[in-house]
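In what comes next, chain A is part of two complexes: it sits with chain B in the first one and with chain C in the second one.
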Partner chain A sequence: MELEHFKYDNKIVKYFSIATVVFGLVGMLVGLIIATQLFLPELNLGIQYTTFGRLRPLHTNAIIFAFVGNAMFAGVYYSMQRLLKARMFSDLLSYVHFWGWQLIIVAAAITLPLGMTSSKEYAELEWPIDIAITLIWVVFGINMIGTILKRRERHMYVAIWFYIATFVTVAVLHVVNSFAIPVTLFKSYSWYAGVQDALVQWWYGHNAVAFFLTTPFLGLMYYYLPKAANRPVYSYKLSIIHFWSLIFIYIWAGPHHLLYTSLPDWAQSLGVVFSIMLIAPSWGGMLNGLLTLRGAWDRVREDPVLKFMVVAVTAYGMSTLEGPLLSIKSVNAIAHFTDWIIAHVHVGGLGWNGFLTFGMLYWLIPRMWGTKLFSTKLANVHFWIGTLGIIVYVLPMYTSGVVQSLMWKNFNAEGFLEYPNFLETVTQIVPLYMMRAIGGLLYLTGAVIMVVNLVKTAKQGTFIPEESAEAPALEKKKMVGGYWHNRLERKPVIFTSLVLVAILIGGVVEMVPTFLIKSNVPTIASVKPYTPLELHGRDLYIREGCNNCHTQMVRPFRSETVRYKGEYSKAGEFVYDHPFLWGSKRTGPDLHRVGGAYNSVWHFNHMLDPTSTSPGSIMPPYPWLYEQKINIERTAGKIKALRTVGVPYEEGYEDVANEDLKEQAAEIVADLKASDVDIPETAEIVALIAYLQRLGTDIKAEKTVEK
Partner chain B sequence: MFKYYFEQIHNVAIWPIISLSIFFVFFVGLIVYVWKIKKPYIHHMQDMPLQDDNHMPNQPSKS
Partner chain C sequence: MNLLHIKLMKKSSWIAALLLWAAPSARAQSVIAGSAIDEPTMFYLAFGLVVVVAILVLVVAIYVLQLLKIFVSQNQTEEQKEEEEQVPSMFSKLWMSWNDLKPMEKEEEIMLDHNYDGIKELDNHLPPWWKGLFYATIIYAVGYILIFHVFKTSPLQEEKYELEIAAAEALKTSREADLVIDFDENSVTETTDAQELADGKQFFEAQCAVCHKSDGGGLAGPNLTDPYWKHGGSMSDVYKVIKNGVANTAMISWESQLNPVRMRNVASYVMTLQGTNPPGALGPDGDLYEPESEARENEE
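Here is the complex of A and B:
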């Protein structure tokens, strides 16, 4: 068979590698800033664009989509060409993909601090950017499938399967979760409401972790770890089982983010069972990675690439054991809403994604520049400072999570809460927040050392933009025989379809009943849609990212119903919540029953200076809410959009809505005036107070009716 | 909307049974396949990442 000569495109790998490093540093720096704000709230410098609520989504998006995303693309573009013995399908698509992705990142970096957010975690970007993500993702997919179709290697290596699963699943997740009705260019309401929105969001959120942070990196592990160790993967058979069982089971586990919430019980149980089952494929993959080093452990001592990869795979093993354990309801009851979860995700983020990326870059850069690593010593320094950073980060967070949770739940001998003031449980853990920031600083310092090392490495070598290769063309002859999986690997389109089927089954089984069976979300007659002013207030709550620190979900525990002085949250209370705002972390107290708990002037003073009403509070002041005005011209659009997604505002209500708005605002202003506080009716704070005072009160009306 | 057609589904319990059956069949099939897989194919596949490297000599696979 005649050999064909072709060239691998290293330039696109170089581009994505540079973007990885740049956005990695930015994302980590933003993380360090918000970590510091938790013990030094003034660090937002009084600017509304730099508060914790707005920067936290910027940190998570930068790390997930900019740092890990670019690292994934760099790794995929390098390994895919070589595993398939073909240049990427289209250079044009490669660069459209690269520049498109970077533009999306820039758009995110601008819009998130401006408060343009959907509030749904890791899917905060507003609808025009969501559409851009979809288009660029399709470009990536066409480029990838195109390369597979013109490959010169008949069989697809297991890494390619993971890349295909990543592409297919992220596409499905992103499209389904992003359904929203636009109000303006940068404001939309989720298509789903309440419990259903929560289920879709955490089906997305959990599987974003699974298919954006895990499967592509497992693909990278299956390529770069054998490369770095210079020996084949421990068991290829295990990798087949690993792949299919992982993608099959992962998609079901989303509801473990919603344990003890208003999600129907059967869906919670389903999530728990599948989460526990996940230990098996996850550990299969981890062991397959670690055992690849059998007989080569001596090299781990010398080679920084292997060091990073060993810690990465170990971190993967730890967080994938911890994840299922956290999904057990009794463990979840302690860990959920606390810093334990922050520790858990950072074992995965800093350890698995970060260290695998670092290991890959230390391996890739010298090869693409045809040289040796500038300094192994510096790489070792990076390794140790990074490892220390992870430890100093996660240990205080585990401690803080457990301490705070136990304080929340602690009853004294008389049967009262030992720490009725939420703030007591916060001031207790502030020193741990300080230690965590030091951990983050160490980790970031390590990353800076890596940049220096990699730049010096590149300078001492010469970049090889095109790498020559040769391979015989794939014979067109009809292949018969082999077991079904051998045949599957030769037919990428069928393979991709099967992956799609495997990941859809879980989503369908969980979502269809919740969406279609009315008894799953019992309605409550007294729960009414928000008034126009409350709607404005709710949108401010979303803009300021309040949901990043405050939950709206009182779980059915005595410690919570006593602390928050009301009933636990019911599914029927959220039927008009587009989007749901249950939150996932209680840096501050739950707010679902805050309506009526304080008077309006308390909220007025609290938002202006939280420490005036709550000494020791780590919440930043929000002075701009008193100067900025709500735009009442938007009211009609909001009402119309919400009616489209099913909120029962009467036809034509949008024309008179502002009259109701002004009336309610006048009441609040009069109430404030009684306490000697003057504020214009259109000030943002008035709308926010209206929303906060409404929260969780509808169900109280129900009781009065019953009496 | 189409969703009203499905409101008649009373037997939610059928869903987990369907899921269990799908899983059972799927995993048994997967294990049978992996059991019967041929050695040369495995060797070919697992050596793939090492074949493209011009910088380092390939080590023969051990298994």
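Here is the complex of A and C:
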């Protein structure tokens, strides 16, 4: 057999590695800033682009897509070439992928602070960027599949399976969830409404965690851990079983983000049971990682790369056990909407993704620069400071989550809420927010130490842009026989198709009935579409990212219906909500029943200076809402777009909508004037007040009708 | 002995970290219980302390055991040590069987002919406990669906909510059965009982002060210390505002949260604020209320 000579492309790995480090620091820094804003709201410096509501999506997107995303690509481009004994399919595609992805990140960093957001978590980017993501993702896919097809290794290694699953599933998730009707270049409305939008969003949100933060990193673990430990992978069988069960079961578990909401019970129950069944498949990955280290534990004590990886894999195991436990409804009733969830995702994010990335970089950089790590001691310092950072971050968050939740639920002996004022439950946990920020600062410090170490390492070596390798070409003749899965491993197209089937089943079973069977979302006659002014207000609510701190979902608990003074939220109330705004975290109180609870001047004063009406509030002031004007020329476009996705505005209403808008604005302005407050009718605050006063009131109208 | 010192240092850093965490959680505990330490809190604190002490004792015991081991092994001869190593401990036996581990020496027997960029794979069995865990979760899943959706023997969220509300209603009824309420919103009169007024004051400062300021001078809500009222200034008027709230304002109805006696306490306390004239109070808002004029009207 003739040996073929070829070269591995290290330059693309270098590019992605640099992007990983740079965006990692940026993402962590933004995280630290918003963590600090929670006890020091003035930290936005009075600027509208730097409020918590706008920076929080920037933090999550930067960490997920810029830091972890670039780390994934760096790791994949390095390992895939070597595992398949082939250079990447096309250098051009590699660099289109790289620069395209970085441009998307820059676009995100510009648009999110400007308030251009779809409001759907981890999918906040507006439609033109969504299209760009799709294109670049396809470029990545073609490059990957092309490389697989021209491989010189007959069978695909387990890491490659995980890369394939990542590509296929993220493509499906992104396209389905991003369906929207554009209104302007940077404004769109979700194609789906209310309960259905929520189901699609959390099918996406949950599986973004699964297939962007988990499967690619399991793939990376399967390459870099045995490499660094120089040990054989513990069990091939375990790889097979846990791979297929993981990708099949994961996709079903999305509804566990919507327990005790208006989502139909059957869908909630599917979310619960599939989450529980996910424990073993997830742990399969952890076991295969940790048991691969059998016989190498003495080296774990010395080698920082292995140390990082061991903690990463352990953190993965802990958070994938915690996740299913949080999906048990009685646990979820306590943890949901609280800081417990923040702690949970940071065990995964800081521990699993962060530490695995660090371990990988400490292993990769010296190899690509043909040298040794500049300082093992510094790497050890990073390891300990990072670990301490995680602990100091998560322990206060677990505590504050449980404390606040119990305060929300606590009834006194007389049968009344012990803490009827929501603010009381916030001020009590502020010290824990401070501790959390210290944890974040420690973690960031560790990352800075790593950057210094890696730069010094690169400086003492010389970069090897092309690495020579040789291997025989695959013979054309057909191979027969072998273990069934072994046969599958040499058929990439069939393998990819099977992956697609496996990940589609869960989504289809949950979504199709929710969309088609009417009884899943019982209609309520008194629920009407938003008025034009309310629509403008709702878009401001989205622009300011209010949904990052306020939920709109009163759950069926006595402690919530008493606190929020109304019925618990019903599925039929959200049928015109494109997108849904249920939120996932209650840093401030729920707002679904806020309509009519306060007078307009209260809202006026509150948004101008929250502490004037609520002393001790950690919400920032929104003075720009009083100076900026809504653009009523956009009204017609909004109405038309919403009619396209099924909101029953009458034909031609867009032409007269602004008359209604002005009339409603005049009423609010008159109401404010009665309290000696002067504001122009087109001021943004007027629209926002109109929206807030409408929230959750439709169902009250029905009550009046019944009487 | 150097090794010992390092170990000790590691231990002490853990204890420091533990203390660091314990401080805010202790604070959190006192938060739940309110500022004054009452009896149940003392019980929980004492109980918590006992648990912490028990854990510490356990940690120390394990540590001492470890130390003993080290000392013993230092005194052992080489032969003795080898002998001990040959006999696997109870734990390692369990570990081997639960994971179905192959001894390291026999690893070559299960080495597959895979070689991916130097990475080899072993053909180990699935760990039996892991398989058991997987089966158990599948059984749980089937059971869960059967219980909630097929046999429907356990309530789903709506029904559970109804049950929760019913239980609270029942409790409220039984509680109010003991309560003697000999007034309604029209006939209510101010209480002069010091204890009841103190209760009203405490509630006012905890809840009403957010909008009305703790001295009643007014913030987002109106001044309650002057004779100008938006909804009337008689005891009955004030009681009604507390009980029913004022539509479209931040003044909510407290009826669902306070029983009639406590609403009377709060209203009575508000009445005592009249004429206190605190510094920084808001200006007059609403109509001047003169108790005599109403009395006259009633006479007519």
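Convention: the second predicted complex is superposed on the first by the 706 of 707 C-alpha atoms of A that agree within 3 Å, B and C clash if a C-alpha of one lies under 4 Å from a C-alpha of the other, contacts with A are read in each partner's own complex, and residues count from 1 in each chain.
Here is the rule we use: a residue touches a chain if its C-beta (ideal position, glycine included) is under 8 Å from a C-beta of that chain, and two chains touch if they have at least 3 such contacts.
In this text, all values refer to a predicted model and were calculated from it rather than measured experimentally.
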Combined model on chain A: chain C and chain B, fit or clash | clash
Please work out whether A:612 is in contact with chain B alone, chain C alone, both, or neither, and reply first, second, both or neither.
-> second
May I ask you to decide whether A:392 touches chain B, chain C, both, or neither, giving the answer as first, second, both or neither?
-> second
Using the superposition on chain A described above, determine whether A:109 touches chain B (first), chain C (second), both, or neither.
-> neither
Using the superposition on chain A described above, determine whether A:145 touches chain B (first), chain C (second), both, or neither.
-> neither
Classify the contacts of A:421 with the two partner chains as first (chain B alone), second (chain C alone), both, or neither.
-> second
Contacts of A:43 with chain B and chain C, given as first, second, both or neither | neither
In the superposed arrangement, does A:153 touch chain B (first), chain C (second), both or neither?
-> both
Examine A:181 and indicate which partner it touches, taking first as chain B and second as chain C; both and neither are also allowed.
-> neither
Which superposed partner A:248 touches (first chain B, second chain C, both, neither) = first
Broader residue contact with chain A after superposition on the shared chain, chain B or chain C | C
Given the options 76-84, 112-120, 166-174 or 220-228, the segment of chain C that clashes with chain B spans residues 112-120
Starting from the residues of chain A touching chain B, keep only those that also touch chain C in the other complex, and list them.
-> 79, 82-83, 85, 153, 155, 157, 223, 226-227, 232-233, 236-237, 241, 245, 266, 295
Complex contacts: residues of chain A adjacent to chain C | 79, 82-83, 85, 153, 155, 157, 223, 226-227, 232-239, 241, 245, 260, 265-266, 268-269, 272-274, 276-277, 279-281, 283-284, 287, 291, 294-295, 329, 388, 391-392, 395-396, 399-400, 403, 406-407, 410-411, 414-417, 420-421, 423, 428-429, 431-432, 435, 556-558, 561-562, 565, 568, 596-599, 602, 605, 612-615
Chain A-facing residues of chain C, complex = 17, 20-21, 24-25, 27-28, 31-32, 99, 101, 104, 107, 111-112, 114, 116-127, 130-131, 133-134, 137-138, 140-141, 144-145, 148-149, 156-158, 160-161, 164-165, 168, 171-172, 175, 207, 210-211, 219-220, 247-250, 252, 256-259, 262
Quick one: which bits of chain A touch chain B in the complex? Just the residue numbers, please.
-> 79, 82-83, 85, 153, 155, 157-159, 222-223, 226-227, 230-233, 236-237, 240-241, 244-245, 248, 266, 270, 295, 367, 469, 482-486, 505, 509, 512-513, 515-518
Contact set on chain B toward chain A in their complex | 3, 6-7, 9, 12, 15-16, 18-19, 22-23, 26-27, 30-31, 33-34, 36-37, 41-42, 44-50, 52-53, 55-56, 59, 61-62
